[in-house]
Amino acid sequence: MLKDKIRVAVNGYGVIGRRVADAVALQADMELVGVADIAHDWRIKIANQKHYPVFAATSEDEAKMREAGVLVEGSLKDLLSKAQVVVDCAPKSVGASNVTKYQDAGVKFIIQGGEKHSVTGHSFVAESNYEQTLGLQSTRVVSCNTTSIVRTLTALKQAGLLKRARGTLLRRATDPWESHLNGIMNTLVPEAHIPSHQGPDAQSVDPDLDVITMAVKVPETLGHVHFWNVQLTKAVSKEEVLTAYRKSSRIAFVKMSEGLTAINTIKDLMMEIGRDRDNLYEVALWEDLVEVKGDEVFYSYMVDNQAIVIPETIDAIRALDGRMKSAKESIQMTNASLGIRSSFI
Amino acid sequence: MLKDKIRVAVNGYGVIGRRVADAVALQADMELVGVADIAHDWRIKIANQKHYPVFAATSEDEAKMREAGVLVEGSLKDLLSKAQVVVDCAPKSVGASNVTKYQDAGVKFIIQGGEKHSVTGHSFVAESNYEQTLGLQSTRVVSCNTTSIVRTLTALKQAGLLKRARGTLLRRATDPWESHLNGIMNTLVPEAHIPSHQGPDAQSVDPDLDVITMAVKVPETLGHVHFWNVQLTKAVSKEEVLTAYRKSSRIAFVKMSEGLTAINTIKDLMMEIGRDRDNLYEVALWEDLVEVKGDEVFYSYMVDNQAIVIPETIDAIRALDGRMKSAKESIQMTNASLGIRSSFI
Amino acid sequence: MLKDKIRVAVNGYGVIGRRVADAVALQADMELVGVADIAHDWRIKIANQKHYPVFAATSEDEAKMREAGVLVEGSLKDLLSKAQVVVDCAPKSVGASNVTKYQDAGVKFIIQGGEKHSVTGHSFVAESNYEQTLGLQSTRVVSCNTTSIVRTLTALKQAGLLKRARGTLLRRATDPWESHLNGIMNTLVPEAHIPSHQGPDAQSVDPDLDVITMAVKVPETLGHVHFWNVQLTKAVSKEEVLTAYRKSSRIAFVKMSEGLTAINTIKDLMMEIGRDRDNLYEVALWEDLVEVKGDEVFYSYMVDNQAIVIPETIDAIRALDGRMKSAKESIQMTNASLGIRSSFI
Amino acid sequence: MLKDKIRVAVNGYGVIGRRVADAVALQADMELVGVADIAHDWRIKIANQKHYPVFAATSEDEAKMREAGVLVEGSLKDLLSKAQVVVDCAPKSVGASNVTKYQDAGVKFIIQGGEKHSVTGHSFVAESNYEQTLGLQSTRVVSCNTTSIVRTLTALKQAGLLKRARGTLLRRATDPWESHLNGIMNTLVPEAHIPSHQGPDAQSVDPDLDVITMAVKVPETLGHVHFWNVQLTKAVSKEEVLTAYRKSSRIAFVKMSEGLTAINTIKDLMMEIGRDRDNLYEVALWEDLVEVKGDEVFYSYMVDNQAIVIPETIDAIRALDGRMKSAKESIQMTNASLGIRSSFI
């Protein structure tokens, strides 16, 4: 246990921010010093109900927040003055523009995967490069899709099996909380370029990965599903592939034969096991779909875009802090706090 | 507090059964003696993980359950022998055929609203007829839609305002847990008859209600939304109508102006306030949509078809038991255990 | 037959504009002098393929259009100089800003229902007020929902049956052609005010109508469905109500008992009878859902928001032109050209 | 031109049957002798309206059809006695059980891709094996997905480029006409086995194809989308790949840059070019998504599951008849009759 708790701020209290805040509050070695946002409706009042100190992300919005009855403790600047690490969970592209504020305040910071790698010059997935991140001033927790790619391919790589990976990614069109504002209806929208950005993005964490992806937006809100065709370094048995995956503590097997035949059933399972907000932190990989043909393996998994980066963010906070030197120790601590499992049934 | 706990069994561990089981387990005056089902996959293994005693609803399925690794304590008959009250949560129409088993076992029973009123000859909504139900052998907790109708119209009736009510009901097409198996897509399906069955069904609880409904199935899974045009006994102010609703402890106001502009946001709110399974037990009535025009009031609310009958079922158990004589006392106890509120923000 | 054809321009070649253009081209007494738009992709190139003269709606877009290979005949001003009547089919709110251009060009004009009544001071539905419109400088063809309301309530009014009408309107969330750009997903979004604007809008055509509406956006793209509760002037038989509807040539009965149990089946039927773009120009009213209870009638119908205003627009062109004095004659001519029927099976 | 027309019957007047019937009626060398079905509602009455002779597929249903007002010419046996070739368009699995009837009647027959290859021992795609099919007693037009796979891979194979193909197939969950009866909602349902059946099915047409597929059901009704990663025999330019595709007359390029960014826009385009029922007979392949990386090519296309097999079925009829020896001649004749194009804009 660290002697002093890491003081953490969360800037942006949306889909990711609220989950990061709760996860930080669960860590024995961290203290949530506050959350900042610009909302002045029910979304931020919930933070008040949870007794999280609330700060106004911009001065323009502070008055509106107070007027609407939000308890505001101060400005973003005030919040940053209390923090050692700030996790930026602002909407895409706003994150990059916040960086100067964090630097001016002399606080370490984490940005999300919606921002460019160049903003921090470093991209993070715990099982791949925690040790490289120790003591850095900032890092970028890569996107949900990229996180899942790095987790699964790193498992194959560490077993000496990975040659090249080709994936098709089905992306949920919007998140449930704003599905009344935007979305797609009764259509499929392929990403406008092949390869899609996730392949190169995985290489921002591990340049050795030979990975190419195609992506398509699909009309559902629950999460992403990936289909992979990976060429291995040699012909192996299915069991060898499964063993490789089992080395990762954040890949969990699910089975079609247990009735988990679709992503709604996996989310339902998360609800039934009592996960906060039905969060699926793991890559949920269908064990009975894994198929090995010679030196190729085919598989599919679900990614919960709202939850998968939460444990990574917690580990990234510790890595920036720099005192917990062991990736394994941080990961185990995070996993225990969130109830992460290698199987659910 | 009752001297001895009421021993309760739940037959059917699906959308309703699992929620009833959890709610029973929360009551200080009840003991969950077990749940019965025919599933042998993840859905029932979750009950094992929760340490609920699991029984096989049919002998044919018992072997399959054991073979699949489900811990089975015995048969439905065994379960009934331990219970004073059984809550039937079997799929529609199976419920009716279970009645003989309950009668043979000499156990009081509750059926769900999918079954006909004639099966028990009595239909239940706590705020309308708890006292009438005291000590009965059986009752029927009416459907989600009917429950909401009786709650809201009873509130207007008790304030002396109700003349006649005309409603249009938008029904979710299927539940999230089985949305991979059935549903409707990109269409609207009006119920095949006008009036739809919910109006007459409300009269099975309170024959005095002058209520006619039309219904339509819509392509979403979150819950139902009702739109009402109610003719009042006289011209009143909006505040008088709101005061009438406030008398019910199971109608909660929500506001468009707080950002709660659609049913996904209301479900998201339930998630954020930490409700088990995001359950909305209340009728969530839009306060700022209520419009009074002379002697007519227009309003709209959301019904969570998975959750609204749970508190009613708990109260129905107590009413059948017969020892807690006061509706108010039972309702308050139930409300407290489930965290039911009159407002959320 | 008119001696000289009415020269008609269409400004805006989207969902409505393309249908209006085709309908104009079908009329024996009209000539389509051209269409204007700002698109430079496949959407406008189709107009080229159909040999419709294409004009650039703005000078900024003209260059882009030419560069992209669109055959452009000239500017909007050029188009207006050729026309006697222009039908504005620009997106909502752009229409109002076009009015000065039409007035400067001295051309009569029709705006769509997305614009305010005050823009023209006159609102149009053929069966209600064709004669009042003769020779006017401009009019507004009311929205799809309002058109259906005026058609059905006018039928009841002309039969001396209408007292007051209360309706709930389910609105499709977006049109198929842009369902990849916006929409709602797995939710229901009630309109933010009761009464919704459609009731008052119907009164812009006929101030005598006592009509109040509530509306909700639903996650489908096919069309709208209305549910009505109408108080009549007296108790009547169902047959009397049906007879009243039959007086309108633009209300067509459909039957659940024929398998037309949902709006996707009605659209499929339009496809099978060979309607251009599967257009449903009629109010498709479920004959076997109509229910009379004393002095109240309950009914439901489908509105094809892409098609229902097309025949009205054609009639409005003739009304502005002013030479065809008889509403009946214009309506029959329009109906014949579009294949409008009183029943489909 | 053939001396005598081929007399063709269609058994099953559903999504495929109605389209086959219309396509047969369009062919100069074919005569539609009738259609058989068991429906007695609007779906079959449309065939009466089109003056297609209607027959009862089973004797049990004949009475119901007559009672409902369907004009019935006779039994399936009667129909078969008039035909030289019957196209079975009955629902999946019913087709196989019809085979004995066709054999007893001595009529050549075509089954659909939902049936097993073993039912006929021969599977058909025009551009791959028309000549092999000449004069056979029966064949099987493979499924929509398989047809698209064979078309595209045959094009690469004939250019000497094909080594091995790996595809992920997104399948529409149900067809629009029955989307009120079944479907999936807000979820993704991976096919329960990898490889999915489409890869082996393509080999039933061409055993040389090295093709492995994964499939997933998605919540939309418009059609399928495939994503492919094909290893070529050598490194080539993108232009060489495009040239290979252009050899097929049933692959049409579409472009994201023309605004055709999603499958709803492609269906809208079919509507705008006036295609019967918005049918897309071609594989609509995104030209600007095609990406070549060394010896690999990546691409994506849309498949209209309701339409793509229609031209194949027409060619299969001619192949069974046996008089038109040239695949090219049949394909050109079919393409011309249906308005098949190599590009749309």
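Odds and ends about this structure:
Order as written gives the chain letters A, B, C and D; numbering starts at 1 within each chain.
Just so we're on the same page, a contact is a pair of C-beta atoms (placed from the backbone, for glycine too) under 8 Å apart; a residue touches a chain by one contact, two chains touch by 3 or more.
Bear in mind the structure is a predicted one, so any value in this text is a computation, not a measurement.
Note that among the pairs B-C, A-B or A-C, A-C reproduces the B-D interface, with over half of its contact pairs the same by residue number. Of the two interfaces, C-D and A-D, the higher number of touching C-beta pairs belongs to A-D. Computed centre separation for the pair chain C/chain D is 36 angstrom, with centres defined by C-alpha atoms.
We define each chain's centre as the mean of its Cα atoms; on that basis chain A and chain C are separated by 48 Å.
Taking each chain's centre as the mean of its C-alpha atoms, chain A lies 42 Å from chain D. Along chain D, residues 176, 179-180, 184-187, 189, 219-221, 261-262, 264 each make contact with two or more other chains. Chain C makes touch with chain B in their complex at residues 166, 168, 170, 184, 186-190, 192-195, 212, 214, 216, 218-222, 225, 227, 229, 256, 261-264, 286, 289-291, 293, 296, 298-300. Within the complex formed with chain C, the residues of chain D that make contact are 18, 39, 41-43, 45-46, 49, 176-180, 185-186, 257-262, 264-265, 267-269, 271-273, 277-278, 344-345. Across the interface of their complex, chain A is touched by residues 173-174, 176, 179-187, 189, 219-221 of chain C.
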